[in-house]
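Next come two complexes built around chain A: one with chain B, the other with chain C.
Now for the complex of A and B:
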C-alpha cells in the first residue's frame, strides 16, 4: 500500500525523544510517510527563576535566551528531516505537552504518535505527571512509546 | 486441527515454577506464570528478522492492535510471538456448591476448547500470511507482568498491544495492563487505541507538569 501515513513525533532536546525518532526511522518509517516533528516548548528557565518578580529586564533577557535556544533546536529538527530524506515539517506549539500532542495529532490526522519515555519511577510519575501516560490514554490513534533497553541499575 | 500449508509444530511446555523477578519500584511481587501451550509457524525461532511480542486476548482492541501491526509495521522476516493469557479461573470459585464432577469437568473442557479455538485462529492468521512466529498461552493472574516476562524470554525487540482488553474480570480494570507494560518493559511498546472507541478516556487527568517527555 503506497498510501501516505501521517506520523507525529514528540521531540524535545532529550536523548529519549531522539531515541524515539531513531527507533521510528529504523523500524516503522516508510518512504511515503509524512512526519511532523512536534516540539512543545517549556519556558523552564524563566518560570523557575527566582528573579522573575524583581527585574523586568532580566526576565526579558531570559525569555530571549530561551527563544534563541528553541529556535536553534527547531532548526536542528528541520535539518534532521532533510538529512533523513523525510517529507514533513517541524512544529512548535506551546501549552501543556500531553494536550498539545493529542491536539496536533488530530489536526494533522496522524495515523501514529511516537513519543519517548524517560522511564520514571511510579512516585515521580505521580508527582511530576507523565506526558507519555497522558498521550497513551487520550490519543485516538496508536501510540509508540519508546523506551530503550536499560541497564537494570539505571532505574 | 487442520494443518495448512507452511510449517506448524505444536509443543506443550512443562509447567513453570515461580517467577522470582523483582521490580524495584513496588513491593516485591512473585508472579506465577504457567505455560499452557505453544505453536510455531514458518521458520519459528530460526527466522532472521526482528522479534516482536503481541498481546492477544480475542478482544476487538487486541485484534485491532494485531491488524495495525500487520498493516503498518510487519516485515515478512519478523518473528512474531502472539501471547494469550487466558483466564483459567478455578471453576470452584463460581460454583462453590456445585459438586457434580461431570459438570465441572465439562466446564473445564469447554474452557480448554475455547482457548484452543482462539489460539488456532491466531495461528492460522500467521500461517495465511506466511509469517514466522509462535502462538503462546500462559496462565497467570498478572497479565502485564507475564507480557514483560515473555518479552524477556523471547528477546522481543518491542511489544504491541491494545489499550484495553476484554475487561470482564476484576484483575484487569480498563487500561491497567497497557499501563503496566509501558512502565515496566525495557523495550518500546506500541499501544493501539481502537478509533471506534475514541471517547473512552476512562481516567481523569492528573496534574501534568511542564515536562516535554516522560
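Now for the complex of A and C:
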C-alpha cells in the first residue's frame, strides 16, 4: 500500500530524542512517510535563572541567546530531514511539551507519534513529570516510546 | 535493496480483548515491514485463591482457561496467516506479573520492539491495579509501541 503515513517525532536537543529519530529511521520509516519533527522550546535557562529578578537587559540577553540556540537547533532538524531524504517539515511550538505534542499530532492528523524517553524511575517521573508518559496517556494515536537500551550494570 | 535488511522480530502482547486485536490490526496496517516476523505473546490468567475452592471447581477453571488460551492462539494464528506474516505464538504460563513476563520474553527473543494495546484504565485504576503497558514501557530494554483503542478514553 502506498499510503502516506503522517509521523510526528518529538525532538529536543537530547540524545534520547535523537535516539528516537534514529530508531524510527532504522526500523519504522517507510518511503512515503510524511514526517513532522516537532520541537517544543522551553525557556528553562531563562525562567530558572536567579538573575531574572534583577535586570531587564540580562533577561533580554538570555532570551536572545536562547532564541539563537533554538533557531540553530531547528536548522539542524531541517538538515536532518534533507540528509535522510525524508519528506516532511520542522515545527516549533511553544507551551507545555506533552500538551503541545498531542495537539500538533491532532492537527497534523498523525498516524503515529515517536518520542524518546529519559527512562526515569517511578519517583522521579512522579516528581518531575514525564513528557512521554503524558503523551502516552493522552494522545489519540499510537505512541512509540523509545527508551535506549540500558547498560547492563545499571539494573 | 531489501536484500541485506536485517531480520526484525516484533513482539506483540495479546490477551483476549478487543484492544489487543485492534493493536494487532493496527500494527499490520501501519507498522509491518516485509522483513519483520512476529512473536505473539500471551500470558494466561493465573488462578487466584485456588486453595479455597473445591478440586472440581479448580479443574473447571483450568479447563476454561485452556479453552480461552487455545482460542486466542487460533485466532491470532489465523490472522497472521491471512496477513501473510510469519510469526510464532508464545504462551507464558504462570506469569504472576504479565508485564515482567513480557519484558523477559522480549529480551530472550531479542526483539526489535514491543507492541501492546491498553486496557483503557483510568489514572486511579492504573495506580491500584497496575498497568501492563506502563510497566512494559518502563522496563523493556527496547522501544515500546502503545496502541490505545480509539474508543477507549476521549
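Basically, the second predicted complex is superposed on the first by the 151 of 155 C-alpha atoms of A that agree within 3 Å, B and C clash if a C-alpha of one lies under 4 Å from a C-alpha of the other, contacts with A are read in each partner's own complex, and residues count from 1 in each chain.
Quick note on the criterion: contacts are C-beta pairs under 8 Å (C-beta built on N, C-alpha and C of every residue); 3 or more make two chains touch, one makes a residue touch a chain.
All of these numbers come straight from a predicted model, not from anything done at the bench.
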item: Joint occupancy of chain A by chain B and chain C, clash or fit; value: clash
item: Which superposed partner A:23 touches (first chain B, second chain C, both, neither); value: both
item: Winner by number of chain A residues touched, once chain B and chain C are compared; value: B
item: Touching partner for A:14 - first (chain B), second (chain C), both, neither; value: first
item: Touched partner set for A:6, first chain B, second chain C, both or neither; value: neither
item: First (chain B), second (chain C), both or neither touched by A:131; value: first
item: Interface residues of chain A shared between complexes with chain B and chain C; value: 1, 5, 20, 23, 27-28, 111-112, 117, 119, 122, 132-133, 136, 139-140, 142-147, 149-150
item: Contacting residues of chain C [partner chain A, same complex]; value: 8, 26, 29-31, 33, 112-113, 133-134, 137-138, 140-148, 150
item: Touching residues (chain side chain A, partner chain C) in the complex; value: 1, 5, 20, 23, 27-28, 30, 111-112, 117, 119, 122, 132-133, 136, 139-140, 142-147, 149-150
item: Residues of chain B defined as touching chain A within the complex; value: 24-26, 50, 65, 68, 71-73, 157-158, 163, 175, 178-179, 182-183, 185-193, 195, 198, 201-203, 205-214
item: Chain A residues touching chain B - in the complex, by the definition given at the top; value: 1, 5, 10, 12-14, 16-17, 20, 23, 27-28, 39-40, 42, 44, 47, 96-98, 111-112, 115-123, 125-126, 128-134, 136-150, 155
